[in-house]
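Chain IDs A, B and C follow the sequence of writing; residue 1 opens each chain.
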């Protein structure tokens, strides 16, 4: 185990107080990518949000370097009334990273930089959202359905950005259904980890304390 | 942190409804009151301090639900919560932006509305001072209410129900300052208490607001 | 054995099932006894006539209106610090009871105030404080109702209860500052003989005990209901997943 790794051991996550996944374990090393698979509702988003620190895990351990995660959810967090440059500049200031010109270039957004984010097409918005990840300067990306509403060319652009990130010693954890053609990516199917009722904290066997509820 | 404040201010200016709306609402309240109670100068002068403070409070309330709702919907709040700045700082900056777009214009414009309500003599000075000291508390308390209701579908009405009782002490000391000032009485005590409420709210409530946001993002 | 054992829902259900008949019985005895003694076996006040007898409902309900909030505050703190679900549910269960007590205090106050002060309502500091307390109860209950996820609701209402307590206290003093009122000072302090004569004092004590027991009874019943409904939801959720 390496200090730069994201290591997850026997993790159980819950949605609305009900366990959805349990016994999830994996290690994500720098330069690697992991693709989460599984049917809708299996808990991909919940797992990503737990790893990003937005909600506490029910059980298990997560170990990773401090301030390592850049999270990108279903929504991009873009402000329609701000221009592309202003949107990116804001996040660059929040993360304390400097220039973002290379990022504009990498995501092919230079021509759009003075447009208001609200006037962009869905795919262009998505690209801007992904540009925010580059701006964050953080090593571990957590991407929830990053390729939604991207056309083939944009998907290729995105895959290229991820590959560059991996080559630069970063890591990526993605929940996605399509094959990005990233050679370094391993696949983790979440279906086997689906929580069985009454094992986590319930049925009078697990944790005894709040047994009446679980 | 400053970047967040600047972004919120820029959003408020671009989207409209930030600076203007609260102020316009305040104006309408001030205009409607004489229609309700009659045009006699004495009556108006007597109730002016209270009406102006209640009007400021309602104008403040009007824009509270926008503090977090937009950021919650477009996912910015998730991203801010995972960003390197602490959530306590985020809510403080949000409250500051709310005050700059709502409270500060009210402070500046209140004397003009005071004229409409026949506010007397010293009252103008004390109205401005008490609003300047009191409106930050309104913004911070309102931010707390907005943080509690951020995930809710019909949060607006509930927000008013939660926040208005919390506004009672601020309103009492604020309006009392103006009333005493108008009558030429000692204003030190209510003004100090008002400042105390503001100071304590600004210092402590962001922690409660940040805790509420964390719970709501789960 | 620690007191926290009772925070286990199962243990709580067992203990409360055993205690409930006793508490209920005592509450009925104290209430019926105290009220009958107070209404029929005390003399009329030389100034206020028979209207004074409303204190046997007014004063205890006013006390319970405040005590219920204090109980909710303690229960909220226990939930925040120790995460015992029963504690959060007890706070939820107490809120409507406290609100009803506040309403009773306000209404009996109005009925009493009419012949005494010649008005149903005056912006007297204490009356005003209770009205504000009523608004706090209203907001607290509305927040519980508005949130679907029970743990989220428990967390948020606890934070609201904490902050609300500070502001309720602040409002109490602000209102005092704002208007000195009609109410007689502390009609019920420890040296009560100076304010209320003994003949009124003993039945009043019994009525207060009765209201406390009534409150405990209702909180126990409602908490048991909340626990059952929570358990039911958990079972349904498990059913769906299986």
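The working rule: a residue touches a chain if its C-beta (ideal position, glycine included) is under 8 Å from a C-beta of that chain, and two chains touch if they have at least 3 such contacts.
Everything quoted here is computed from the prediction, not taken from an experiment.
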item: Geometric centre: closest chain by C-alpha means; value: B
item: Chain located farthest away, centre of chain A as origin (C-alpha); value: C
item: Inter-chain centre distance, chain A versus chain C - centres from mean C-alpha coordinates, in Å; value: 48
item: Averaged-CA centre spacing for the pair chain B and chain A, given as whole angstrom; value: 37
item: Centre distance in Å when chain B and chain C are each reduced to the mean of their C-alpha atoms; value: 32
item: Residue list for chain B, restricted to those that touch at least two other chains; value: 218
item: Of chain C, residues touching chain B in the complex; value: 132, 135-136, 138-139, 142-143, 146-147, 152, 155-156, 159-160, 162-164, 167-168, 170-171, 173-175, 177-178
item: Chain B residues touching chain A - in the complex, by the definition given at the top; value: 2-4, 7, 10-11, 14-15, 71, 73-76, 78-85, 217-218
item: Parts of chain C lying in touch with chain A, wherever the complex brings them together; value: 7-10, 13, 85, 148-151, 227, 230-231, 234, 237-238, 241-242
item: Touching residues on chain B, where the partner in the complex is chain C; value: 144, 148-149, 151-152, 154-155, 158, 161-162, 164-166, 168-169, 172-173, 176, 189-190, 193, 197, 205, 208, 211-212, 215-216, 218
item: Complex interface listing, chain A residues touching chain C; value: 16-18, 195, 197-198, 202, 208-214
